[in-house]
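Below: the structure, in structure tokens.
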């Protein structure tokens, strides 16, 4: 039963109430809708801040991973499903990023203006509740409910706001992602039966997985995988699409190109990172042996994402697509940190998730501001904007440098940890990741210089104004955060100390205490 | 020196330039030029004063505890393992670098007040220059690998800003990007070296200490066996980082293009400070380098090779700044050769003297360009000596110091350096390197005085030089001071070994605790007085030959330069003209293939394969739907026929199974 | 043996239905009686005030609903057999009655405005709807083969007439006639199956058959198996399972929208009730034999339903194929023996009723023109003209697609869980893959609703303003999908108690 | 339980059933199809009565009576439908009724 005040349910309730309030206000009072949206986003933000501040004092419960502010209410006892929420070091930061990014989305929407405010803000705040649900739930069925339920408001949001290509992009995104999620649903049900009929995370983590017989194809006798490996693959692929890792990424560029900046801040900021969250929380701890068996494959995918994303970003002409592919490359980095299965790698991954959230949000806002001013998204039709907009130049420069991982800014802090973690797994990973960093330097500078430097392009419109005060004050806090996190990344480090150790112990890679020597990457499949 | 004092020194030295840069960036503008100039120069001046005070305090302190390491704040702490903190070290090596950077930097800032008089981007310029000095000091003071890497990258970024200062010129923009990407390659090499170090540092009792701070690493340097593969890899990666920063052989192509930036930038960055960071890095990591003999040999060879190549290229350049740029590359090559041999003090000594006379040459060139209204092609100039008297005299002193004419600063440091070359250096090839080193003296003399003669002497090729006027006083004062330094600096610091015991040696004595204390590897052994004399005479003779040849060819023009050039085999002149075709080589070998792969990805892989399987599944399912559709023919009798057929089928299956 | 002896010996004492029997079957009887009264009223009421008939039949249905609720509470967990064991009065029957009544109430509430606009003669419409509902409710509670056949015939005849209800429209006539012929043929097959089952087991009451079947398991004679298969074919036809689904698209497209809505929802509920009573309860001992056939049919329905639905351009035909696919999912529950599966099927039925009705009701509110504006082209841009109706349709479609917070997800979830728990993972995987395909054609409709309205075919297709009453009713239905989706334990508890009631007889014969 | 003559009756019933089914499949005139369906229903009656007699239980005959009643009802509805279709499309050929197809 719940002990003490159920804070986490409040974190879910506030956005839902906000959304309901917005949906009830008539369409005419646009200002009322906007204030409701702002209040909901701010309230959630402060609530999350409060939770983070006294996170260390809160009591922790739960076996492999200890959760704070835990809540547990019987919901469907017959099939062992219960309404369980919990917060650990990992999800605390994801929740923080979630609150920040949605607040940013609302602010950008207010600054840039949006045509159907009631529909937009209602759906935006509803999505916040759904993503918060995904982060907070510790019952696999509840997790799945929020995980796929998130697509509902997202679907209406993506298909009604954006440019002309949005319909096709949305169908592609929703269609293909949901197809894989259903396989994950099967895996969840399979785990549920294995764990003796309960969906709770602790019960499933404690299920005994020995004695798995390899499924062979009847008649042909081909040795396929053990059922647990199939379940792991279902989980891994569902998360890989969300991250996205390269072969499953084709929905991302089209979608990011069609979304407005206010949509992109929260979509690129948190929604696409829940894949990483899934890998750490569920794939790594519930399938420790399988994670090891497939570690080689997953690392290869991560590296492929880094390099492939970088190459595509080099060649793209549309500035939003460049940023989209750079986001794929960065997420490749983060997944490299996760799949290296080392303590430092995981620390780096969590840190980089927050950094990337800030950087990508800032980048997309800047891209939209440039698009509004120059009227086009084609890189070859724009250059020499620095003379007209010094403020834009300065803020875009800091964001670009942070994005390419320049030491001193937040991009580097995460990447350094990730590459060190990957180095411990095997030195080849760090070298290839290094190539990724060089390529990142190249395409990010090409983007920044392509737009800012060189003489003014004859095609660009006259009378381009610099950033207005409001727009400036959206980007300045982000750049300040980039510099601050670059110099003081330990803020993130302290909070998730305990949890990272627990995740490592749960995934049987390292005993929680010491770090083993960088053993060469062994591929022997455990019996 | 006490911890508190060092912390204040570090914070002040870093704080002044940073605050100066921020003030100029935020509030500076062309209108408030006066304020901008003052803030820009005063901040560097203050940093210089603080460094001087620190030097005095250090000199008074006992030589044993002059090196003090201070922790500023915790960067990242990982549970039971890695803990990274921002640490700064103030020891003899870093105080010298501090003085060079802030001293020469201050003079250059004063000079650029005059140089940037008509440029409306002056606020941005001073902001970037101050930021550069801040990042250089940040790098020099770093005592922690992460601190160092951050300083390393900040320097690269500020040089990117400054090279691309005139962002309206596409060539400047391309040069800036090229410089930055080469630096990123060096940076990544450094990061991977840091990983290798971190994962291999063992405490004497064999437990894993996950520390990134250099004092602890050097304290436990015993865990790296002499000549082991790990140490070799680490030093190779550090060397790559150094080569990228100091524009040495594999990664040198960015330096000539970096001349696109304003001249004070070239003076500060591409002469005095940034390019020397590579030498400083190897000097700082000398305990590791001493344990990797192969890499030391490699470094020495690369140093000499680059130096020789740069010398040849400098001979055929027509742009005044590029000639000096290649001369910088050549002199840095010598320093790398010295450091490669293990003669770290000699390398640092040449670094200091080189900072003076190279900055002088660049500022002189700046005066020339200023006078010729931004004209950099020396073929257009000639006979400027008559109109720019002071610049011509100080440029002469600079050239003399550069080519190593006795009693000038260059001679002291070069002879000292080559002196070590006689006995040290990599194995059997040591003597060969020494000989090339001495030949480089000839080349240096040749291109130094070729430049001087063409620009200042002889009759003007075109009408433009006639209109030239001497630079304003504010630009001349720094030039004169630097000329004085280039002339007399050698006397006070370190005399070549030939002068035996009576010679002045306080530069090496000052530096010796840094390079001897804990290293167990073989240090360069001191040359004897006799071999010192031979080395000095040979070196000086070569320099004189070079200078004489240059004067005959370009001053008195007996055998005209072009006829001499025609007699040299064509391929050498072509090589020299086209900078050994490295630009084209890299472009063909790296840039174009990478871009081709990227285009291939975009044109072929993305639409075909990546999108392919996604669309393919969709089309496949649609086709399946098509095949099933015609069964719906609308005729009742067909429907009933299917129904009967399937009913019978099921009956047969079910009953058949039971009967059998 | 004279006829009198035979009569006395074998048949339990023939007696007129006692008072208790009437009370236990009150909901069905009310609707049956209502049907007859409506027929009479129809002749008395002048044509102008035909809508009173709608009000009256609504009253009848509501009364029956009230009685059902009261019965639900009073009957508790017992299972009482009524009318000489031909009907069973238990919570399972009441659950099915409730679903059928909901569907009937929805149709009757929406049809007055719909019939007016389409200028279809009110007349016997309501009486036929009541007749069909009565037939279905009887089918829900019937426990003897005879009663199953009788109630199927009652509801089928009513539906044949309803499908052909639109005079002068050739499509409707053709639909009615096709349905009649196919229905007749299927009933004949069903009857032959029942005859063989009766012949081989000696009884027509399901509990008795269950005992006989459970008794001698070793030697299963082929005739009994043939009978069982034929019965399944007959019921499969009614539920429009795959190999016997051919009639569904044509009939749904031809019939008037109100009839399509009622038919697609209510028939499936009643037919599945019969399938559950016969197969999941009575014939479970022979499970191993008929399980293969049912799984094959289930997979076939899922595949054909989802694949061909991708190609459709008419919402009625699309929903026909969607119905076939959903029947496939429900058949997974039948193919998987075990009590959890039955509860899963019941929840699925509830979800299917509300969601499918939501979509068709939305079209009904704004239908115009003789094809009921059901082709995709005529639905384009509805979202901008009537955002409220379009939102209702979108939510129902998403519930059919199985998006979590809505009830549709829970139907699939419970069915898949029961499949995996019993080890039939293959069925679950087929179910998941095909429902992935289904997302595309459901979302395509939503896209069309919200896509910009091109007017290249001259003049935009305008829609009629939705009647106030109709809009409220549809709103209630869709709200139920969302609310029940979130508070799913409510529905699950009802389904569980219905299932327990069903299994009472077997547990203690 | 099934004696010799009972076997014969059962066989006759199934044979009639088969004939009815083929009648439905072959003929195109709706009335004839209608008649074949009635034939199938009667064949089932025969089987029911045969079983009733064999099992010595009256349920078969009661069932047969019900079938006859239902068949009658079906005739009423069926003929009404046929006339309506004839009046609408003036054809008596089932294959012409293919207005609705995918």
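In order of appearance the chains are A, B, C and D, and numbering begins at 1 in each one.
FYI, contacts are C-beta pairs under 8 Å (C-beta built on N, C-alpha and C of every residue); 3 or more make two chains touch, one makes a residue touch a chain.
This is a predicted model, so every value here is computed, not measured.
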| said: Looking at chain pairs B-D and B-C, which one is connected by more C-beta pairs in contact? | reply: B-C
| field | Centre-to-centre distance between chain D and chain A (centres being mean Cα positions), rounded to whole Å | value | 65
| request: Return the distance between the CA-based centres of chain B and chain D, expressed in whole Å. | output: 99
| Rounded to the nearest whole Å, what is the centre-to-centre distance of chain B and chain C, using the mean of the C-alpha atoms as each centre? | 80
| message | Distance between chain A and chain C based on Cα centroids, please, to the nearest Å. | response | 44
| field | In chain A, residues with contacts to at least two other chains | value | none
| Tell me, which residues of chain D touch at least two other chains? | 21, 24, 94, 97, 99-102
| task | Note the residues in chain C that touch 2 or more other chains, in rising order. | result | 178, 181, 185, 249-250, 308, 311, 440
| request: Please list, in label order, each pair of chains that touches. | output: A-B, A-C, B-C, B-D, C-D
| note | Note: in the complex, chain D contacts chain B through residues 21, 24-25, 28, 94-95, 97-102
| In the complex, chain C residues that touch chain B | 178, 181-182, 185-186, 189, 220, 222, 225-226, 228-230, 232-233, 237, 243-244, 246-247, 249-250, 289-290, 292-293, 296, 304, 307-311, 437, 440
| Touching residues (chain side chain D, partner chain C) in the complex | 10, 13, 17, 20-21, 24, 30, 33-34, 37, 40-41, 43-44, 47-48, 50-51, 54-60, 62-63, 66-67, 70, 73-74, 77-78, 80-82, 84-85, 88-89, 94, 97, 99-102
| query | What part of chain A is in contact with chain C in the complex they form? | reply | 75-76, 78-79, 144-146, 148-149, 151-152, 155-156, 159-160, 167, 171, 174-175, 178-179, 182-183, 185-186, 189-190, 192-193
| message | Looking at the complex, which residues from chain A come into contact with chain B? | response | 172, 176, 246-247, 249-251, 308, 311-312, 314-316, 343-344, 347, 384, 386-387, 394, 401, 404, 406-408, 412-413, 416-417, 419-420, 423-424, 427, 430-431, 434-435, 437-439, 441-442, 445-446, 449, 452-455, 487-490, 493-494, 497, 500-501, 513-515, 517-518
